[in-house]
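These are the structures, in structure tokens.
Two complexes follow with subunit A in common, the first pairing it with subunit B and the second with subunit C.
Moving on, here comes the complex of A and B:
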């Protein structure tokens, strides 16, 4: 178990280093004088004093050669200091931390719901491929993928918030604020998980150990859920790793529509306001989350799937 | 295949011919704002009195055209990368797969945001963002398919007959993996369409007053309660086209849920395989 884990851990620092270069360099390609832009936002003067400009540049870490700026920024990041946001003028670490908490809750709830709905749906559909249940679920799956968040969210608001008055249309705080955003976010992963589980379960149902289980006279329900579905779960595990980072930072639409202070919203605002420290830190954190989540998912998949585990040991 | 061509023809008719018959999509009429559907305006008017149906159809050209171009470009690039990395195998192949994994795990919106901050929000930034993300699924698919094909007898045969490496890859392997890749392109078209209109919804893509579908939803959202028809038209259009593309992909044999889907066995290969299996006796 330690071997494959180590092999996956090794390239991690390299990827993160590359990500830090990208995160640092990209916002700097913006062009224009960032110091001036920040100054203009603060003092509303077109021709600020050069001495003031120099001081602000130093404060923002924008003085000296770019390589030096990068090393200083990287050093600070490694010490946990992500800088001060230009706009809010509070530590980026705090802004990002609270946004990550919000997005994490949203992501966790959405993934849990998607798994709760998608996995059983996939297994049930696999029981009789081409049957009425399978066809109904597959139509629902197409809808789950084809209806984007920016369409689903407004209509959910219109029906459940404005029309029925069941849930608040906007805001963040209580559990009632979670319902509509989580529904919106869960649709796509649930549909994908159902399709994947269906395909895998159909595949597994044809394998020898399932035939053996049936020959032993086990009830069909037990064969389906214990013997077949369990193997199919391994592929969903690897899929979930892909979704974590995607939902964590990619829920911009949902966060915008429902007014949720999550990571996506924070990044979108940072882009609109050209808030470099927030953008840099956010990009870096999202890449880190994506890499780590992918790795965890892969290791979990290895642990779940004995065949893949053996294959790995042979390598 | 013929049905697919028929569908594309109807779509083309809708997108090219019909807009000529409808009112100007950016002409405002403040005497008739947020009107429900009527004879003069089959889908009603929006908050500036513009004809929703006309905007929808002109927007189709933007939204669908951009998505089609993106899928074409990313499909060609991704397939080339996947073919090469699948053929190379070993550490190079693994590195390419890791890269596609990493890029696929990052939220597409992040690329949209970064492109918008570097280039300013607009069509160019949008195209770059969707292209940067879009080639990876093709590369992954082409890589896996290529690895599978390389084990086939016909590849060995072509090599034994003295065919050059490029010819084996470009002529033989590519032809055999083309069908699942085209099916995948249909699915990717749906995904790209949703991304393009989603980023435009956020204001990171095509800018108003251009009638892009996502931007139309964003503009009409404020009047959702008073005039739901303004949002309804582009919503239905997006969902309908995406669903049709997904169904087309499924008809061509893509299992949608990308990662480990092997796709259908190519017709040409199966004959070889069957014979080999018979000889092998299992």
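Moving on, here comes the complex of A and C:
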């Protein structure tokens, strides 16, 4: 499996270079003066003071030609220096590292829960399509897909924090703080996984190799889980890479509602404050994670799907 | 059996969740509210730059009760003793002498000395972008004997004692200034010691038992920075926190019914519809007056914002003693139409204008939509654009706009309105968005740098506001209200000026 993975990683530097251009250019295309935006983020109601603005622009390295700024930034990144955040004035690597740790834990827990719930639910629903269990799980799945996070999160807080007093409503630190955010984040991928696995399993159960397995007298449970479900998992596996990248940087709503210091909030604040070093480095890191996660998912899919594996081996 | 395995799986997931809940040791809703004399609070604004004094984070340290300044202010917005007990303007009117309080020690045990004050204030005066309270005034400071400091400005400055109340001029122990950015952990003098800082997520304060003034109400405070207003309200309801500020207006009744003690108090802020007077149509006073008459400010405050603001009669509101508290009149659509007709606008020549605003404050687009509707009834067509403030600012400062709905604090770092009255409305003002220029107004505000008497200054502020209203510079739309709620804690004292400690008076009531 190492070969396919390495083959897929080859274009990564080019992708990152293109991403660096986009990450550098986008905040500057919005218009307005970046230095003023940074000053406003630091001191909200400040009136423009040209002398101060010029001094801060020089301090931030925003006073030269844009191409030079890009090359300086890229050079520093290649040396492993992500710079200092304009607003918090702490190293971007520290800010990003801390936020990635939080978001990584949140994403990992949410995807694990989604897999634990969604995959078995999809397989079980596929056993008897149209049966009571299938209909109940389908209804739950549709709800999981349809109810947005900004509705689900406050609802969970109202029920489990305000009503039952089981979990804290806000905060980050102990394992108790993980429960409601993870439930919120897991709902959509769990529901989607259940729907996908159900459809795939129903399809696979009708294929020749499954009929052959049944004809050989294998127990139904073995047929279902070893022969049908394993193949059905390929579609979920290929999607998991997308979910990793999406949840890592895109859990802004959940992070905001529960007061969690994750990557989504960090980048949202950076966008609003035009904190270019945080924004640029954050975008690059998330693109890298998305690309790598997608590649890992593809390779995992090869491992699960013998046909695709053989096709890859022939290349 | 699959069914049995599925049941086991569900049980395992539920068990894991309950186990996680149990790991807290506190259960759920109680959050961290456990030990006697401990508080957990949810605050609205996290530190912007690791509690840096040149990023307005000094005001946060002041609000937490961690850092203190030479002066504070009393209810009449007069300077009052802080780390300095008295002050006087010397024979040289450019110099003020501040006598320091005896027996004050920093949280690291070092004494408050003139040299310590000099170190702290020289640091903040020397940063790239010094705080507004001392920017551009030629601020210098020197020790004066064993118990005083002398502060000198380039020109005589009557408000130096008020300037010294700015949270951004907080004084930390000399040891805090040995590196780059001052270290705020255990280096203040206030009733609370900043014990641990967890980025923009939280901080822990412990009571300073050696404090020179009244002791803080709780032995320990966990400060959680929660940016979402609804989350702060839910945290208060669930008992995760005992105090929260900045509650959503829509939740106030629900919070009250849940036993939360809710306080609403004025903020020193005005939402103003700025009218570009550098070009037609708003260079015509009658058109500006027509717009003012067409907008129903009481309706905007009470109905459109659901009571989350007070209607504005002039620039200053109830947050300051010189602010107007009488409500403005409602809409006079016929009067507005008559003025527009005088100015040459009517059905045959309808007035069409652009209104710009930004979404960072959620009430702004809502107000813009309501104003569009109100002006439409008077025959003024309005095209609303909600965009990014950073992109809009160069155009509005250059006069390339018609109407701009802005939200602005009318006090700067310290409770004096000179800065706003000058930068926003004088002919040469650096933030004069509406391009208002009046020799009479400039002459009035030019008197402020020479007036020492606080009452007289406040009278001049009020007079300046009246001139702005009479000249229909813009429409002062509403003054937003601040909110705070406590359940399980008491002692909250509302501070509309935002310059006094909020946390020290709070104490736990349900333990």
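The rule we apply is simple: the second predicted complex is superposed on the first by the 282 of 315 C-alpha atoms of A that agree within 3 Å, B and C clash if a C-alpha of one lies under 4 Å from a C-alpha of the other, contacts with A are read in each partner's own complex, and residues count from 1 in each chain.
As a convention for this text, a residue touches a chain if its C-beta (ideal position, glycine included) is under 8 Å from a C-beta of that chain, and two chains touch if they have at least 3 such contacts.
What you see is a predicted model, and the numbers here were worked out from it, not measured in a lab.
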First, second, both or neither for A:259, with subunit B first and subunit C second: second
Partner chain in contact with A:168 - subunit B first, subunit C second, else both or neither: second
Which superposed partner A:278 touches (first subunit B, second subunit C, both, neither): neither
Contacts of A:154 with subunit B and subunit C, given as first, second, both or neither: both
Which of subunit B and subunit C A:176 touches, first, second, both or neither: second
Which superposed partner A:293 touches (first subunit B, second subunit C, both, neither): first
Touched partner set for A:110, first subunit B, second subunit C, both or neither: neither
First, second, both or neither for A:52, with subunit B first and subunit C second: second
Touching partner for A:88 - first (subunit B), second (subunit C), both, neither: second
Shared subunit A surface residues [contacts with subunit B and with subunit C]: 30, 154, 157-158, 162, 256-257, 274
Touch list for subunit B against partner subunit A, complex: 98, 101-102, 104-110, 113-114, 116-118, 190, 194, 197-198, 201-202, 204, 214, 217-218, 221, 224-225, 228, 231, 235, 238-239, 242-243, 246-247, 250, 255-257, 259-261
Subunit A residues touching subunit C - in the complex, by the definition given at the top: 30-34, 36-37, 39-50, 52, 55-56, 59, 87-90, 98, 113, 116-117, 120, 124, 127, 154, 157-158, 160-162, 164-176, 178-179, 183, 221, 224, 256-259, 261, 265, 272, 274
Parts of subunit C lying in touch with subunit A, wherever the complex brings them together: 1-2, 5-6, 9, 13, 17-18, 20-21, 23-24, 26-31, 42, 48-50, 52, 54-56, 128-129, 131-132, 135-136, 181, 199-202, 224-228, 230-232, 234-235, 237-241, 360, 388-394, 397, 408-409, 412, 419, 423-424, 429-431
Contact footprint of subunit B on subunit A as seen in their complex: 11, 15, 26-27, 29-30, 142-143, 145-151, 154-155, 157-158, 162, 192, 195-196, 199-200, 235, 238-239, 241-242, 245-250, 252-253, 256-257, 264, 267-268, 271, 274, 279, 283, 286-287, 290-291, 293-294
